[in-house]
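Let me begin by handing over the structure; questions about it come next.
Chains here go by letter, A, B and C, matching the order in which they are written, and residues are numbered from 1 within each.
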């Protein structure tokens, strides 16, 4: 019934708090409570994947339904939400998700990190400093870091429970042997709190150091796979790498953002036309805009 | 038990009997040794004589426990002067004694095929308590004496000829010799010249106080090496005495393999 | 008491048994070598192994011989923990000071124990190796499980092990699936030795290999057992393997140990009717 209301194109902001059939933040209280319980579990055991009863959402699974459910479960009336996709507040998916959160809660939205309290993202951690008043919600397509080395669910559960990550190490070893470097770029596996390996899916290596000993809470949600996990503030996060093969973030080799001339942010390349060299721009559009105004 | 051995022989065999029960051939029993008794003292070289099937090799094997004795006792004096009954001690104890205190040199070299000649000899010495440097020095010396040239030292034993294998076997068996040495036709495949060198080496054992129990298939070797002769027939000892007393009674046919 | 110094045993197996189906006294009585079957017709239980006792010392290899179905591989797999045993007590002197019964370890502890205490070399290399992973990666697996985190260190160790097991170093970065059977077996042995285990269990290590290849692998195993002072159990139906690798052995028949002997004694003077049949068949 709730879904119908959305699809019928009703003005959600007008019905929030009026129609008893559509609760605050879309989900009924029981569902939100169940998700919050899973999140508390996840925060208590950093990096451990907690199963939860992923709900049908008005976005397709795989399009951020896990992150969305977390945001809806934790959002309060005084929160301010920022949603980005590939670092861009105006990405189609970001706009849709943000509109859904805002209209179903009536809370404020923002593109500024400093103003926001909940930041939902898929591919990036914003460049701006984030502090303990922030909660980062990451949408996760594949929450299982060991998926590449093992398919059997029971064996995967065993490997995590025994912290038996040798096959992960073997895959890193094989990667280095075959390619001379460890080629994994996004979703680099990290050991959280010295115990569980997580998929930091799919943020770039560039953002990995931001997760370590951070002031903010990071919550990961995978709607399709029905898992949530968390990195609480001030938690040890170590990218898996050999002692003599240092973990390195992506380098654009002296490239600068063609809009704000930044060389200290995560840059993405747009291919050039007619064989010209490509151009680089900041992945975080809000950060880029702020720099240009300054 | 040690009081029972007055003359302190290294080997004191008493009433040793060995029979084989052939379960799969109507359960019949074949007896290889009947109440065999004799002693071997340090520095004695006891040659076993007798025709084929007399039980000479059976006796060596029963002492070495390749055959499990059926009854009787095989007292062996250890280096610490205590005695043990080889017929009774446990398999791991036998394994511990083999090669170290009791040597067995057969006519065939049984070694890891890809072990080099010199390595094999050195290891034999080391297993009897020599250090590697001494074992190497002594090993080289006896290989030279047995006419195994330097070009063969680092080849695998599997590529050697029958005669070469036999000489390497002697070199390994005699380096830092164990207290008791069982020789089962160790020079059978050697040409006269090499046989001469081998016999020379074996003869030196008696001066080193080793107790030797040997089977040869020629009277010449017995005459030159033995201090005692035990004559066997159908699994029993029929004569036993000093070499000068027994040898004149023997015919070449009495020692045929 | 004799004064013969024998090495302390590393492995002690007492009263080991594995029964598929209901365990009853009757099932034990109605099976075994004398009865001529391991299957109890009354209960349908299969007494795969019963009342198995032996010890193995450092630097010593113990053989287990018998035809297929005699229970020899069952014993080996029970010790390794690949299958759960029904009864028994198995202790490794180097693990928990010999105070832990390996048979009752929980799965996680057993896995940890197998990282550096006990290795198995299986007849089928696919059981002991990841065929889609390189030779070096297969060795990196137990090393990283034991906490190795230095890439070059792992490479050096893998190279050393492959060299000792006579795998050409230019194949180190090839996936094992591209290797011949004999070469796969060498990689499996290298992997088994990665963390210097005290006990190695070899289950028909050369069965299925060409004779000349098998001879080379046997040579290798023999040398490594000596060099690393390993305690080993060698399960084989092939007397030449047992003769080459072991000093002592046990003979199994319908789940029971029928003879326990020095290896040369078993071959020259077997006592039990079944052992005699087995030896004369091998000689023929």
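FYI, a residue touches a chain if its C-beta (ideal position, glycine included) is under 8 Å from a C-beta of that chain, and two chains touch if they have at least 3 such contacts.
Nothing here was measured: the structure is a model prediction, and the numbers come from that model.
Using the contact definition given at the top, which chains are in touch with both subunit A and subunit B?
Touching subunit A as well as subunit B, we find C.
Please state which pair of chains has more C-beta contact pairs than any other pair.
B-C
Averaging the CA atoms per chain, pick out the one whose centre lands closest to the mean of every protein CA shown.
Central chain is C.
Taking each chain's centre as the mean of its C-alpha atoms, give the chain farthest from subunit B.
A
Need the CA-centroid distance for the pair subunit A / subunit B, whole Å please.
Computed from C-alpha means, the inter-chain centre distance equals 80 Å.
Centre to centre, by mean C-alpha position, how many angstrom separate subunit A and subunit C?
So the centroids are 49 Å from each other.
Could you put a whole-Å number on the gap between the CA centroids of subunit B and subunit C?
Measuring from centre to centre gives 34 Å for this pair.
Spell out the part of subunit A that touches subunit C in their complex, as residue ranges.
The touching residues are 158, 161-162, 164-167, 169-170, 173-174, 176-178, 242-245.
Show me the residue ranges of subunit C that touch subunit A in the complex, using the header's touch definition.
Going by the criterion above, the answer is residues 107-108, 111-112, 130, 133-134, 136-138, 140-142, 144-145, 149-154, 173.
Help me check something: in the complex, which residues belonging to subunit B touch subunit C?
Spelled out, the residues of subunit B in touch with subunit C are 20-24, 61, 65-68, 78, 80, 82, 84, 89-97, 112-115.
Residue numbers of subunit C touching subunit B in their complex, please.
Interface residues on the subunit C side: 2-7, 55, 57, 60, 215, 219, 222-223, 244, 247-248, 260-262, 264-265, 268-269, 271-273, 276-277, 280.
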